[in-house]
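Both complexes shown next keep chain A, but they swap its partner, so chain B is in the first and chain C is in the second.
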Partner chain A sequence: MTDGMARVETCDLAVIGTGPAGMAAAVAAAELGLSVVAVDEQSVPGGQIYRNVLASPVAARLGPDYGHGAALAAAFDAAEGISRRYGTTVWTLSADGEIGLRGERGDIVLLRAKAVILATGALERPMPFPGWTLPGVMTAGSAQILLKSAAVVPADGVVLTGSGPLLYLVAAQLLDIGVRPGAIVETTPGANYRAAARHWRGAAHGAATLLKGLKLIARLRVARVPMVSGATGLSAEAGADGAVARLKYHCGGRERSVACSLLLVHQGVVPNVQISRSLDLPHDWDAAQRCWRPRLGEWGDTALPGIFVAGDGGGIGGALAAEEQGRLAALAAACRLGRIDEQERNRRADAPRRALAHHLAVRPFLDALYRPGDDAVVPADEVVVCRCEEVTAGEIRRCVVDGCVGPNQVKSFIRSGMGPCQGRMCGLTVSEIIAAARGMPVADVGYYRLRQPLKPITLGELAQLEEVAQ
Partner chain B sequence: MENDSRFRRLPQASDQTVTLSVEGRPVATRAGDSVAAALLAAGIITTRTTPVSGAPRSPFCLMGVCFDCLMEIDGVPNRQACMTPVRDGMTVALQHGAAAVSEETK
Partner chain C sequence: MSTPFPASRRPDAIVVGGGLHGSSTAFHLAARHGLKALLLEQTYPGRHASGVNAGGVRTLGRILPEIPLSLASMEIWHRLPELIGDDCGFVHSAQVKVAESEADMETLRARDVELRALGYTHEKLLDAETLRELLPAVSRHVVGGAVAENDGCAIPFRAVTGFRRAAERLGAEVRSNWRVERIERTGEMWRVSGPAGTAEAPLLAICAGAWGDKISAQVGEPVPLNPEAPMLLITERITPFLAPVVGTTSRRLSFKQYPNGTVLIGGGYRGIADRDSERTILKFSGLATNVRVVCELFPLMKTVRIVRAWSGIEGVMPDAIPVLGPSLKAPDLVYGFGYSSHGFQMGPIGGRIVADLVATGKTNLPIEAFSIGRFA
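On to the complex of A and B.
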């Protein structure tokens, strides 16, 4: 119980999220003279990709890309004109830029911003298969977070499964640090290699990125980490203690299995659209990346004046692209607030735009290569889809047979998406299942209508607003 | 609930120790850890049981989006263990099923 009362504060620009997009946006905006409040749930800047980058006990062992993040974070940390609020949750945000913040000690602040840049980044794509809810099944990203933030690593024998660059990156980072993975069971569909080959021109522009990936895989091969590709039909089984003990899969026409007490799963990352969805902004289905992205203009501008999206939250482009998008959104915000005119905005946008085009050139290749197959995103009937309310794919399909046409009806009928994660872990899967069952495009099926609060707060915290309202 | 072979801690600069009380037992950990990281490093994999079937769950995403690490921390239920930094003397309890509304949150 907090006896305090909410404070009201104002600023020119609020930046939500201090990953690469948010840090770059805040620095650029502050340089143009805007008063900036930058907010992050974590206690340090960096987002997930540069998690704990200024203080990680293992920074030196994570490679030059992580080091690049340290330079950006140091500039952000040192910049004048930015109020940095860590350990702070955004639980509400209105179309006119009023933001409800909850500090680490439950203190509530109403921040009134003239412009807002949403830089909430990505989350790992849901990967529903039998047993994915067992204790000891975690995401590959979570293992990387443990490594960067706490220097805690899996024991030897950890098994990684799924698809995407992060799977190899995590495996290679663990190997470098002295952990021996038991196996990497890769699920990238074989047809993706041909589909990706069509994008060779972009791939050539991103040769450095691809070379990094190939080197990771080569390192794992040299170390003789067992690697399986083209696996399908994943299922995780529990041991006597109720936690994961085994991963089963099909490969080469046979059923195989590998023992593990920790299973790391991953099949790419998708935009975190919780805030943009809760504002009812228009979103489009990105068929290449199999995810939703908010509809954005060339500055990251949205349908709401003064609200911008930068970075992976607007579509997956990676950390370096996110940084440039952050700079562009900051220029647009400064122009909107009259700090610079359009000519100045456009002049300053030249370098970030060129860098952005360079960083995005490789995306069509990567998107085609690591696009999850149907069986990876549309699970069998017995699989739990909504982890919070434990709703299975079969129950969702029965709802469709009973006449549910979209995710919001399914949510009302059987509570999928109604638990504490508010659809973060099931939303994409539910839309895909309904689309497949009805034989129509996901774009026409739509997504959950998301409502605020964006994160749970206590009634005591909410009550701090009473004085403000009067 | 425990299997100390899943994770290990690398030798690192910070060795400032913090002690939590987890289900009434002391768990030593490092300053700067999240509660979830502290439990995993200590070999505690299960953070809650689900409200629907009572199935055990462990932390899944560690970045605040999956809500599978909801625990009762310092008497307040429904706290995300992965988003809560450890503090010396903090009490942590597994959350069984749906959280009751406690005096602290009323």
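On to the complex of A and C.
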């Protein structure tokens, strides 16, 4: 840490997150003459999907999507008028655009922006089942992060379980680097296939996306990766060393199990609403995706003037949609700051809007197909839900019996969501458990009240702010 | 103790506000006077100051008129299990005020002389050496301090819940999402109304915290209450290094480590309170001043990570003491609000006093200083 004072800087537009949404937003805004500061806590641009796209040792093997990302990242990297800050975390952001940044060495910058685009992407949906906290169990997404940045090859005996496209993608990426998964244990409820079939029209529009998915599955079959579908009642068990040794599940009316030394779990991604929640912005429960999303206008505009959301942080739409949403938010920001008039904004929005509609057409199909079932999001009593404070589902249910009506009372009561991750890992599960226990919609149960700092900072770092007190 | 009333029994008293003071009032009405309370809370019990405060249960450094009440409250804190069947997470630990200079020490000595003259012995002076035994990690510049050995801390939300449940067991009714907007005297009854409906009872207690003035104004007793938002922050878990709760003499600080290793930091630095929307906004510049004091007193804290910061809405009176006592304008109406940032510790006794006043018009504790008449 440094003992100095916080620096104060200003800009027209701050873009938080440099995934596809943030990179596209920054490039579009800089083209319109805005001074842009683009911030990401990662050390490189690209976001979740194109992480390390400019320099990944395995980039070539990660496929053509990665190539599209490389082009976007190169444009972002070369654009003038953008100050790029990597390894920089946004730990506070106020309704009027005052942003606290912490650099890699603990230096604090107070950035005053006239407009802000939140492009903070998605998080993996928590997947609590007995044994999910054992050593050797990790999310497919975090395995992928290892894969994309350092090409660390997981050991033998890799099993994947859960639901959603990323599960197959990660399995295929493992094949690419010579690791054959021991099994894929799929949990998508059978009824979802019928529900999804109703959205075939949209699916037809998204044929390219679906084809990609089918190709992945075909590849896994050719490689003879054992695949089970419709599994329920998952539980992971430890071996003598305390680490995960097998995955048990029910399928076809029988109890089965498969040995593993690394268990990758995944059941889709959900918007990262940490910042929008901490600003007290209105959020709606998205019943199709079983997650919260901030209430947005057609430009990604929020209830706070000058604060926009683009990309998966506003609702899961995928990387290509995120890009277009980034462009639209940049246009709206430029218009708000008087760089272009409304007519010009609307004219320029035409192409991104059409592209966005195209990319989103397949969502209703995917949402219906990969909507997690009740037993996948409402775990049994003995399962740990809040990992930081080690609170179980049963303890949460007991709080409900004792009269706690929502997540905030449960939090005050038994500290769930009070640890270092501040509910990022347990928030959705806690709301779902309370809703199920009370027999009411999650929308009415609500979510944790989130507070800043958005990410932990040290006392010494915060102390740097004092001298710039207004 | 009395037995629960039949559910059909009409309430004897309406209590507005489900913080610690309202919950304690409802409990004491039943336990001491056999009266049934209907407690009305605009959100849920413990949502505001009483559920989110620093949990400091302190007699140390109290403003003089509060001392008799604070000492009486302390006795109740120490015997909560027998009274309400729950310890509210109360743990006994000393509260220490450090002197950072000779001038600070002089201030503490003067207070000591004053307290002794009044016959109080709950605070003691500490020399530098004894202080360092109590606080081995404290910075070298500290020259001494004062201690209240009988103090402690508790878990705020649990305390509210403990009193609320005890009240309910004795027959009190508690309603959430019930905001009282108007109070009216009709004949021998108080009628209160709001979006959730109307309710009536012969007696009325206002324990509405930072919103109390809105109600007192309706009977012609406006008071200059300022809704403020004191801020707190809590750190990750670190190895235990601190037993007592620590405060300062000429700067503002409240500092303690919980048994789980987390460290709670406050000191009354203010965010922005919006009591109409029941929200607060943090001001990190204020928290920065707060943590700078911490880093100077306990240098080992510099590299510890802050996990969360928050604040609550508190009603602060210009003279920093609450409005506690009967209305001087309307019958059967009692106030207990505006605890000015230090009313958690006072909850057990504050509710007892309000209950006694509501039921009998009398209390055996000196409350003249808190009369609403001081603002007339």
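The criterion applied here is as follows: the second predicted complex is superposed on the first by the 468 of 470 C-alpha atoms of A that agree within 3 Å, B and C clash if a C-alpha of one lies under 4 Å from a C-alpha of the other, contacts with A are read in each partner's own complex, and residues count from 1 in each chain.
Everything below uses one rule, namely that a contact is a pair of C-beta atoms (placed from the backbone, for glycine too) under 8 Å apart; a residue touches a chain by one contact, two chains touch by 3 or more.
Just so we're clear, the structure is a prediction, and the values are computed from it rather than from any experiment.
Q: Does chain B (first) or chain C (second) touch A:P453, or do both, or does neither?
A: After superposition on chain A, A:P453 lies in contact with chain C alone.
Q: For A:C291, is the partner it touches chain B (first), chain C (second), both, or none of the two (neither)?
A: The answer is neither, since A:C291 touches no partner chain.
Q: Looking at A:Q464 after the superposition, I want to know if it touches chain B, chain C, both of them or none. Which is it: first, second, both, neither?
A: A:Q464 sits against chain C, while chain B stays out of touch.
Q: Would you check which partner chain A:S43 touches, where first means chain B only, second means chain C only, and both and neither mean what they say?
A: It touches chain B, and chain C stays clear.
Q: Does the superposition put A:G419 against chain B (first), chain C (second), both, or neither?
A: After superposing on A, A:G419 lies in contact with both chain B and chain C.
Q: Based on the superposed arrangement, let me know which partner A:V185 touches: chain B (first), chain C (second), both, or neither?
A: In the superposition, A:V185 touches no partner, neither chain B nor chain C.
Q: Going by the contact rule set out at the top, does A:A21 touch chain B (first), chain C (second), both, or neither?
A: In the superposed model, A:A21 contacts neither chain B nor chain C.
Q: Once the two structures are fitted together, what part of chain A is touched by chain B and by chain C alike?
A: The answer is residues 1, 419-420, 456, 458-460 of chain A.
Q: Across the complex, what residues on chain B touch chain A?
A: Touch residues, chain B against chain A: 1, 3, 5-10, 12-14, 30, 32-34, 37-38, 40-41, 45-46, 50, 52-53, 55-68, 70, 76, 78, 83, 85, 103-106.
Q: Using the touch definition from the top, list the residues of chain C that touch chain A in their complex.
A: 44, 46, 51-52, 156-158, 161, 176, 234-236, 265, 279, 281-282, 284-289, 291-292, 294-295, 301-310
Q: What part of chain A is in contact with chain C in the complex they form?
A: 1, 92, 94-95, 100, 280, 405, 409, 412-413, 418-420, 422, 451-453, 456-460, 462-466, 468-470
Q: If we count contacts the way the header does, which residues on chain A are in touch with chain B in the complex?
A: 1, 41, 43, 48, 55, 57-58, 87, 104, 123-124, 133, 135-139, 141-142, 145-146, 149-155, 177, 241-243, 261-262, 272, 387-390, 419-421, 424-425, 455-456, 458-460
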